[in-house]
Amino acid sequence: MSLKIKNLTVRFGGQTAVDDVSLDVPAGQITGLVGPNGSGKSTVMNAATGVLVPDRGSIHIKDKLLHPGRPGDTARAGLGRTFQIPRLARRLTVFQNLLAGARDQPGEQLFSLFFRPRRVADAERSIEKRAHAILKRIGLAAKLNTLAGELSGGQQKLLTMGMLLMSDCKVLLLDEPAAGVNPALIEEQILLLQSLRDEGRAILLVEHNMGMISRLCDSVCVLDSGIKIAHGDPETVQRDPRVIASYLSMQPEQAPAKSQEAHQ
Amino acid sequence: MIEFLIYMGTIAGIWAVLAISLNLQFGITGLVNFGQVLPFAIGAYGAGIATRHELGIPAGVLISLIAAPVFGALVVWPARRMAQDYWALITLGLAEIFRLLMMNVPALGGGVYGLSVTRMPGWSISFSLTLALLAVAYVISERVIRSPLGRMLNVIREDEILASTLGRDPFRYQRSIVMLSWVLAGLAGNLYAHVTGYVHESSFMVIETFVIWTAMILGGAGRTIGVIAGAFFVQALTTSTRFIAQWTDLPSDVVANLRLALVGLVLVLMIVYRPAGIFAERRARHVAED
Amino acid sequence: MQVIVNSMIYASQIAVIALGVSMCYSILRFTNFAQIQYAVVGGYLLYVLSALLGLPILPAAILAMAGTGLLAVAIDMLVFAKMREATAESKMIASWGVALFIRSVIAAIFGGSALYIETNISLLPLSGVFITSLDIFVVLASLGSMVVLHLALVRTRLGTALRAMSSNLGLSRARGIPTETMIRLMWFIVGAFAAMGGILVALQTQLTPNMDLSILLPVFAAVAIGGMSNIFGAVAGAFLLSFTQNVLIAIDFGSLLGGNPWYLPAQFKDLVAVTALVIVLMANLQGRLARWGKATA
Amino acid sequence: QDTVDIGVIANLTGSNVLPSVNLVRGAEAAAKAINADGGINGAQINLIIEDSEYRVQEALNAATKLYDVDGVQSAIMFGGSNLMIPVAEMARDKGRVLINVSSSSPTLADFTGTLFSVLPLDNIVGKALGEWTYDRGVRKAAFVVPNNAFGTGLMEAAAAAFTAKGGEVATKVAYTEGQPDYRAEVQSVVQTGPDAIIVTGYGDDSHKWFRLARTLGLDVPWYAAYPSILSIENPEWMDGKLFGIDNGGLNQGPAKAAVEAYKAEHGEDMLAHYLYAYDAIGILAAAMKAEGTDAADISAALPGVVPTYEALTGKIVWDEKNQRIDPPLDLIEYKDGQFMSMD
Amino acid sequence: MTSRHTTSLSLTDVDAGYGKVAILSRLSFATDPGGILTILGANGSGKSTCLKALMGLASLTGGTIRLGDEDITKMPVHRRVSLGLGYVPQVDNVFGDLSVDDNLRMGAFLHPQETPALREQALELFPQLKPHLRKAARLLSGGERRMLSIAQTLMIKPRILLMDEPSSDLSPKLVEEVFACITDLRERMGIPVLLVEQNVTHALRIADRVIVLAEGSKVLDRPTEAVTLDELGEIFLGRHPVTAQQD
């Protein structure tokens, strides 16, 4: 399954946050979306997932047109996402949040709940099993009974990632999954995303961590003030002077070095 | 005395069913319903209308059983596009509309004269029926709360957008829980009408909704056992103060007011010292896998 | 014309109280039922000061407002300060209990029946419109106080700080805002304003300990129509509500439709008003009103 | 046995408190007088007073406590029909006696044997009021009543009698009790230009009505059922403008003495409810003296003792359902700051 | 340049957490006057809690906190701010319902007279905020929020800065700018900085001293020169038992 965004335009009052952007997120690939702060990356994601109604443009999954502004429909079409500022059920435990991530649970129907208890119980057991596995991968195994609202900033990021994994979606949209996550777990995330890609999923990755973008992305799209200014493989894009000027600025090597010896 | 306790138990039991119903909507799903007295009134008037047209008690129960969730499905409709605060006021308004209609259109609800209802013969029968209804409500509520459905309703309570990006339509969940809980409240209303033998609009004023809210919050929103305890506590508080009031020698109207002041005071103290209720909501526990 | 005047008068009475409710909601994020009871306290204080102790109305009113403001602060310290972290619903129930307590204490002291504050009212000599000097005073007083409150909230540093607290309490502390002091200040203002509303109602009608229950619905309706936390919205809501009520029973539907004169029976007044409220809410008009409120501010 | 318990249910909190306070005082005065006079065959009357908060549920709680915990055999009750009917249901089931001192719903006639009324149902007074108003020369009347069983029942009876004689109904206003403001309603009455207003209602609301009528320049006479329960807002303005039908005998004999004693003791005017409660306790005591203190005894004795009982509200005549009929009625006018009999 | 402030913030044996939940145990350290101290650690190791405890936003069950010579352990939050503690929170870092402009004004709550000047300075540092001044802060993009939060903090005119992951959500270019600004503050005014970061390379580049937390305890405390990335990697990955490695 692939995601296609065509001629997307989003305006907020006088500001054009996304200006006629088209983007392909093919299956089995990781597509990067980068750009300066406020260039419209999250907005693209919000429009693609129906959280926001675009002024123009259309969203297609597997060549099927999606209704704008209906996040539920979009999600049922197989699209899953994380938010830059984590959205969680704060008064539920980590484990419950994970369980809630799974789709199509018979136990959520009143009828089966009261008349097919066996089916409900079976489904619940298999979901729990998956949740335990994912819990380990995101490094929160010890926190399963902690309320999500009582997690640290980074842990919340990880949990939203876990919920996305539970959903088993074919198209994944990740908004800065690595921000606030510690380096060791970023490595883990990279491995995870690679394996998801290899399973044939379509992944759109918004990230300011250029190391991660270089290592993971098959192609990268760069936005600036809502306009697509570059598109191509990570290396080419990172050498593009326009991208350097607006987004990357000086390379780390040129930065005023203090205690250089520390990272040798 | 024992008859008195049985009667108080009956009333508290009916109130407990209403509180369970409200808890399913608010405590579990986060729907702020300030018109909880509406399904109660619908149920009660179901009994009244059945008696008036001589349809018999079962027909009345059937009316309540069908009318309450149907109204529920209609009332929850605006929740689809609206912040919770507004839904609260809409339910409050709709409950008032229903009451004022019953009051001012005699053809519907007997107008200001109310409707007579077949009365239950004896307290013990009404008490047993109340306990039975309470037990059913308890089982249903617990089953919902401890299931994937309850979990998803909790997610909706916390964040509707999250629920929809998880592929659920929050509105459908809200609708089914409102319908389910209104069935319970409607039955409670029907039972109540048969206990008092009379329905009148003045029994369904906004203030009754607050009694139910008080029971739920005081007992602990989110937990079935909590809201039941809350209902019994509120009933015990309002009646026990009558006995305290009897001991003084002050003029009767001053005593009556001081009694209510005491109720207010106890309520405030309870909530200040146990803001999460007598039985606070528990977090689910899962065992770690190794 | 008369209808507009009537609506204005009724609207001013409830708007001042609605203002307090919406301020409380926007800053402390809970529906405060005690707010309307503070209005009643204000009315009774005025009664004590003017009818019993013989002070002239104006200084008595100012003292009553200050007194109610202090009461609101005291109740905050005793009750609400202890539950800052509690959920909005718990606070709401606590405020319900506070209201019940105050109501009963007032009734125990002053008795349950109505008290009246005598004023010199004269009918103004206007052709076709009935309006009294008191009406003019009420409308001006409430309009004036609303403008003052609005300016205080929007144009001052303290007002912004109050709004900041409602948005993010922890952060406002970390920005150096003395939050507890500010909350007290807010309670004082809110209590004094409630008292003002209560005084206006008391002057126009009468005082009963449970008059909060009968103004509860119109007040909350006004707040709701106007958008829960928009102060001018609440005022617009009060006017809209009172206008609907008054217009609907003043229109001669019969003649309009070419028949015998027929008016909507008065007992349907509330029904119609509540229905209008619900329709307004459903039509999402509150957003529009709120914007209108901002534009005129 | 040296005491006899009698229950009193009244709304001492909530709205319409003043009538209840009067009622309790009337009952207490009656009990005191009877006790001073030797009680009921030696036993002293003990009143147990419960608050109904003007709410159905609390009225039921109060009644259950009285009947089941305190074990009273009889109780008197003030309250709208909406509170009275469920309590009457309960009293009938338990076989206890309930004396109605305020309600007027025709349904109350269905509890023969356990429910007794010491006041006439309002259709009787309403009819008399409608006819009398016409006879006084009023041709176009506006009706203003509270929107409850008492108000609308009275209004319908009065309007029927008034139109039967040929009068025109200008408008009928049934207002919601306890509202802060009745401006719109008063205005709608003004618009129809009536010759007079036929009115009933409790003190607090009537006060607001009078005040608004005065400030809005509504200058027509008022014809009231039970004018003594109204609260006069401005004596000079009202002078000679208020007429009404009240219970017979208020201005003479024992009732007049009671009215004056009340004013002396409490510093305010008495409402009729005092007298009804006084009579209710009186007939209960008479019945107990005659047959015994059990509910069944009281119920059996009441119809017998009532015709000979010297009531403050005039002679009490009951129909076969123990509802009061043929009450002695007084035509009243408000003059020089007080109600005067007009005969 | 010489440091004009010699303020130092120090914790001694601090136990802190949330309500009854204990997170930090017996934590002690002190900032060097005019130095940049970075706190590193795995997710959930207690870094944010440590900053909150210093600000008085977490509950303290033991230990003392001193600013210079003054014991501020029990001082209310707003008083600490008036003593010069500037704090950039990790999450919930702006007044969502207020306009960006009002957010800035609230940053200068303690300096009403200087508000216009401070606001100018802040907007000079983050010109990206200029077009959004009338927008409610909750509508900003993630990075714009972070900028607003940092700007707000600088408007307090802090004498010491506590920054919780200031670089996350920011573009590489802005990260450079923010870090340059931090060093600049230190160089020009001698303002000490307590920096919590997941961006280890960046943090090490500007820090004078490194502290590593694990499960609420300090496991390493050394000058930056004496720390190697490999060593940190090992601690983060938990490859070797976390033992207290005090210097």
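We call the chains A, B, C, D and E, going by the order they appear; numbering starts again at 1 in every chain.
Assume contacts are C-beta pairs under 8 Å (C-beta built on N, C-alpha and C of every residue); 3 or more make two chains touch, one makes a residue touch a chain.
These are the chains along with the protein names UniProt gives them: A, E = ABC transporter ATP-binding protein; B = Branched-chain amino acid ABC transporter permease.
Please read these numbers as outputs of a predicted model, since none were measured by experiment.
Participant: Trace the shortest sequence of touching chains from chain A to chain E and report its length in steps.
Facilitator: Minimum step count, chain A to chain E: 1.
Participant: Which neighbours does chain B have in common with chain D?
Facilitator: Chains that touch both chain B and chain D, as defined above, are C.
Participant: I want to compare two interfaces, C-E and B-C. Which one has more contacting C-beta pairs?
Facilitator: Of C-E and B-C, more C-beta pairs in contact link B-C.
Participant: Taking each chain's centre as the mean of its Cα atoms, which chain lies farthest from chain C?
Facilitator: Centroid comparison gives A as the farthest chain from chain C.
Participant: As a quick test, compute the distance in whole Å between the mean CA positions of chain B and chain C.
Facilitator: 29
Participant: Could you tell me the distance, in whole angstrom, between the mean C-alpha positions of chain C and chain D?
Facilitator: 35
Participant: So the centre of each chain is just the mean of its C-alpha atoms; given that, what is the distance between chain B and chain E in Å?
Facilitator: Measuring from centre to centre gives 49 Å for this pair.
Participant: How many Å are there between the centre of chain A and the centre of chain B, using C-alpha atoms for each centre?
Facilitator: 42
Participant: Give the residues of chain A touching no fewer than two other chains, as numbers and ranges.
Facilitator: none
Participant: Residue numbers in chain D touching 2 or more other chains?
Facilitator: Residues 12-13, 17, 21, 147 of chain D each touch two or more of the other chains.
Participant: Quick check: what residues of chain C touch more than one other chain, meaning two or more?
Facilitator: Residues 104, 107, 111-112, 213, 265, 267, 270 of chain C each touch two or more of the other chains.
Participant: Spell out all pairs of chains that touch, sorted by label.
Facilitator: Every pair of chains in contact is listed here: A-B, A-E, B-C, B-D, C-D, C-E.
Participant: Which of the residues in chain B end up touching chain A in this complex?
Facilitator: 140, 143-144, 147-149, 151-152, 154-155, 157-159, 161-162, 164-170, 173, 176, 180, 281, 283-286, 288-289
Participant: Provide the residue numbers of chain C that touch chain B in the complex, in ascending order.
Facilitator: Checking each residue of chain C against chain B gives 79, 82-83, 85-87, 89-90, 92-94, 96-105, 107-108, 111-112, 209, 213, 216-217, 220-221, 224, 228, 265, 267-268, 270-271, 274-275, 277-278, 281-282, 284, 286.
Participant: Residue numbers of chain B touching chain C in their complex, please.
Facilitator: 26, 32, 78, 81-82, 85-86, 89-90, 92-94, 96-97, 100-101, 103-104, 206-207, 210, 213-214, 217-218, 221, 253-254, 257-261, 263-265, 267-268, 271-272, 275-277
Participant: For a test of understanding, state which residues of chain E touch chain C in their complex under the given definition.
Facilitator: 55-57, 76-78, 81-82, 87, 89, 92-98, 102-103, 105-107, 109-110, 112, 152, 156
Participant: Mind listing the chain D positions that touch chain C in their complex?
Facilitator: 12-15, 17-18, 21, 147, 171-176, 178-181, 183-185, 187-188, 191-192, 203-204, 207-208, 211, 215-217, 231, 233
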